[in-house]
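Please find the structures below.
One chain, chain A, links the two complexes that follow: it is found with chain B in the first and with chain C in the second.
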Partner chain A sequence: MHYDLTDQYHHRSSPIHHLDPRVKVVVTFLYILALSITPEGTWWIFGFFLALILVAVWLTHLGLVFTIRRSFIVLPFLLAAVAVPFTTPGSILLRVPGLGWTVSEPGVVRFVSILIRSWLAVQAAILLTATTRFPDLLWALGAFRFPKPLVSTISFMYRYLFVLVDEALRMMRARAARSAQVPGRSRPSIRWQGRVAGSMVGSLFLRALARSERVYAAMLARGYDGHMRSLIRFRMTNLDWLIFVLAVLFLVTPLILSLR
Partner chain B sequence: MWFAPYALHIPDGFLSTAVSTVGWLVALIVIGIAIRLTRHQLGERQIPLMGLLAAFIFAAQAINFPVAAGTSGHLLGGTLAAIVMGPWAATLIMTAVIATQGLLFQDGGLLVMGWNILNMGVFTAFTGYAVYVLMRRLMGEGARSRFVAAFVGAWLSVEVGAIATAFELAASGTSPLSLGLPAMASVHALIGLGEAIITTGAIALLRASRPKVLEAGETAPGRKGASFVVVGLMVALVVAILSPLASGSPDGLEAVAEREGFLNRALDPLFELLPDYSVPFVLNEAVTTILAVVLGTVIVFGVAWAIGRATIRKETVGE
Partner chain C sequence: MSKPIFQTKVIAEIVVFVALSTALSFIKLFSLPQGGSVTAGSMVPILWLSLRRGGKIGIFACAIYGLIQLFVEPFLFHPAQVLLDYPIAFGVIGLAGFFQKRPFVGVNVGILGRFVAHFVSGVVFFGEYAPEGMSPIVYSAIYNGGYILPELAVSIYITYLLVETGTLKIFL
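Take a look at the complex of A and B:
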């Protein structure tokens, strides 16, 4: 998995960017939930949900393939589901020559459904972070009564994430600079290398601890009383409500129709 | 350059709705307890300290060392965090890490995040810590016992997280247990070695340079309760895993279970708890299953936790 440590938020002036973050969080979560509830093999619903996400992406002015380009990060995990076509009982589609393995039809349907669900879900999540600033996103979580200390901790983590990652990168660069390899000489043992990595982690921990003391002292000096305050405020406009209701309708209707 | 080391970040779509719901529920209960207990432990410093340490775990996951054939050893960090901060604080730290990875980098899904938090945060922190504390008690106070305890604890914690993941995938019908369990367990037995080596290295550095830090971890809340929480979580996991089987959808685990003949035996107590495995007055079958599962999980976890607390109090009085 490749973390792109540049800002995940992509600023545009689009209707989606201007939506209340609460609407975006709820709709994203409902979208993923709806995908999860959609019965296996109801391809028209999956198609409809794909159309929904494409419309949403088009509205953001980010370019139609924006989410698709980044959605392949779920691919490695597909390995976990790769046995499904072979192990699910059902009518046999084909046999693997030589091995005697059989591919069943319900197995293939389940596998493709899992593939589509995770592919669409990750696109929705990408869209959420690309159109919502992370502090606004956390504010929305707080507004939904997610435990406050947890939300504050995450927002704090976000502030210092890149500082500490920078520190870790510097340490790794320093290690690389001192680890020239002489051709013909054997490499140091794995255990030794592991200990070096462990020492790096340990000293990174001590630095983080020391930094947290400094930060806490600075916060106290500025009047910190155990509560994090934020200037972020959003009000639900009529447009926010309209889009929320529309989105819920679009998500619920096909599911109800599929029950018939 | 940035590699998340573990195939444990489950994306959305790989777990069924019922299984995911249970995961979120148990995770929220555990997080709630963790917040209460760490507030006692850390007071006002809680937020800046937890936030910085969560950022530290995220950054530390990038520090690797070459093993062989292009693979490398990595840290997940649950055990290390638990050893230095106590298991409840580690739960919060790991929750923040996993939430950020899911929300910001889409590494791990949103609907399945409950299980990701449990697998990589709670299970690793508590098994790592319980093993560490237990082995130190058995082997004495020396430096060597500390290293061995950290090594075994870290290795086992990854293994437990991987096994839990295999069970969740099996319960969702994504990967049959007969294949998924050995695959996950064997791959993570190797990955766990990297975790163990780095954790031990970090502990060795801390012992040499700042022994006070390690002592603070040993007086953190959860020292005695750790093993009870482990048991409670395991029971909750078993309930959550077996419950979707009652919904009637045939899947890999059920096939295995029928072959092994443990299905009926395993489900009997559940049926006694919630007759016909459905809450009356709710018509939709999927909704009833989820409700019943949720209720069962809460009850089981609550009972296990209550027993744990009662026992701890008795022990404290006894001292």
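Take a look at the complex of A and C:
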């Protein structure tokens, strides 16, 4: 395997790791929902939600650097919101010398709110995947009565994804090797490259189809009857219930207070 | 007795072709800041599966692909936006399966459906990002069209090759 698609899970012996995956999924969803409905500029609520994440990071023993480094994934998306401080109407905070652009106060508030919301939501998602094994996550989806074909398809797909990514990358490498530019000679024409890419895709499809036949045969050989059988079993403990109730309280209370 | 929609063989094909789409989606030709990118024909495997197996299975497989994209490259702004930009936007690609006899119409309908879902999401949730004086509708159309049109061109070309070589009906 050459492509790093390995599980985001990081094993530690922490209370968060041992929580029932259903609790972690629901709490993460509620956290993101609460963030999305938090009014812009209510900094104390954002601060409180940040504190919740920091406490969770501390409890997981993953280290602050771990989640912060991974949360940089959100940065490219935020480039899209860079124009917001300049385009939102409102009282002018400052003027950019030479360009004549103005930065408005509501624009800055909106931009910073978007930044904090996105960053915290990604942190929550990172914590969920870092503390929960992928099969446990799927088990939780099944427990929430997600359609069985959906859960079993995702579960199977997860196993074959690595293989197919590898296959696609091998073919891309082969194509790059055949499209090298020889000094003194012109580059291969677009038409030639298109033909090579077309043959490559056709070949990839046939290989994938042949693989699906093998997967089908393997499923039949193992007696697959549409139900995924799993040894994973979780039972809600008192600690799970306690964490769930506390999380709901901590997420709902500040929002209610902000509306008063 | 009628056969169930999700026979084991169909599940095996969905598994492999959604995985293949996901694999191709990692090969990006270019990416845009608010999500969206031109890939090496990542929609073709799921379009092909839809054309091969029909609309219902197509929509199911494409919605799964959307959920996988949500895991792989999440851009979470609002729960409704997540639904619109992931399971719904990708799920409608499966509409191509209702045009099995006219694959090119199917490809256009599927990708146009995806464009509409992203377009609506863009107008409703990202309209505020539009530069001053530009309508959110125009902004969303330009932004989403910017990566969906090249994807459409790549998908049509590859689908043409697959139809010409008869790969669509192989092993059926």
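Some points to look at:
The rule is short, and it goes like this: the second predicted complex is superposed on the first by the 236 of 260 C-alpha atoms of A that agree within 3 Å, B and C clash if a C-alpha of one lies under 4 Å from a C-alpha of the other, contacts with A are read in each partner's own complex, and residues count from 1 in each chain.
Just so we're on the same page, a residue touches a chain if its C-beta (ideal position, glycine included) is under 8 Å from a C-beta of that chain, and two chains touch if they have at least 3 such contacts.
Keep in mind the model is a prediction, meaning the values are calculated, not measured.
In the three-chain model built by superposing on chain A, chain B clashes with chain C. When the two complexes are overlaid on their common chain A, residue A:87 makes contact with chain B and with chain C alike. By the touch criterion defined above, A:191 lies against chain B but remains apart from chain C after alignment on the C-alpha atoms of chain A. In the superposition on chain A, A:118 makes contact with both chain B and chain C. Of the two partner chains, both chain B and chain C are touched by A:150. With both structures placed on the common chain, the touch criterion links A:160 to chain B and to chain C.
Contacts of A:215 after superposition: both chain B and chain C are touched.
Counting residues of chain A touched by each partner, chain B versus chain C, the larger count belongs to B. In the superposed pair of complexes, A:28 makes contact with chain B only, with no contact to chain C. When both complexes are aligned on chain A by C-alpha atoms, chain A residues 3, 32-33, 36, 76-77, 79-81, 83-84, 87-88, 110, 117-118, 121-122, 125, 149-150, 152-154, 156-157, 160-161, 163-165, 167-169, 172, 194, 198, 201-202, 204-206, 208-209, 211-212, 215-216, 219, 224, 226 touch chain B in the first and chain C in the second.
Residues of chain B touching chain A in their complex: 1-4, 7, 9-14, 16-17, 20, 31-32, 35, 38-39, 43-56, 58-60, 62-68, 73, 75, 80, 84, 92-93, 95-97, 99-100, 102-107, 109-111, 169, 173-176, 179-180, 194, 197-206, 209-210, 213, 250-252, 255, 286. Those residues of chain A whose C-beta lies close enough to touch chain B in the complex are 1-5, 8, 28-29, 32-33, 35-37, 70, 73-74, 76-77, 79-81, 83-84, 87-89, 110, 114-122, 125-126, 128-129, 134, 137, 147, 149-150, 152-161, 163-165, 167-169, 171-172, 190-191, 193-206, 208-209, 211-212, 215-216, 219, 224-226, 228.
Against chain C, the residues of chain A that register as touching in their complex are 3, 32-33, 36, 76-81, 83-84, 86-88, 110, 117-118, 121-122, 125, 149-150, 152-154, 156-157, 160-161, 163-165, 167-169, 172, 194, 198, 201-202, 204-206, 208-209, 211-213, 215-216, 219-220, 224, 226. Contacts from chain C toward chain A in the complex involve residues 4, 6, 8-9, 11-20, 22-24, 26-27, 31-35, 40-41, 44-45, 48, 60-61, 64, 67-68, 74-79, 126, 128-132, 157-158, 161-162, 165, 167, 170-171.
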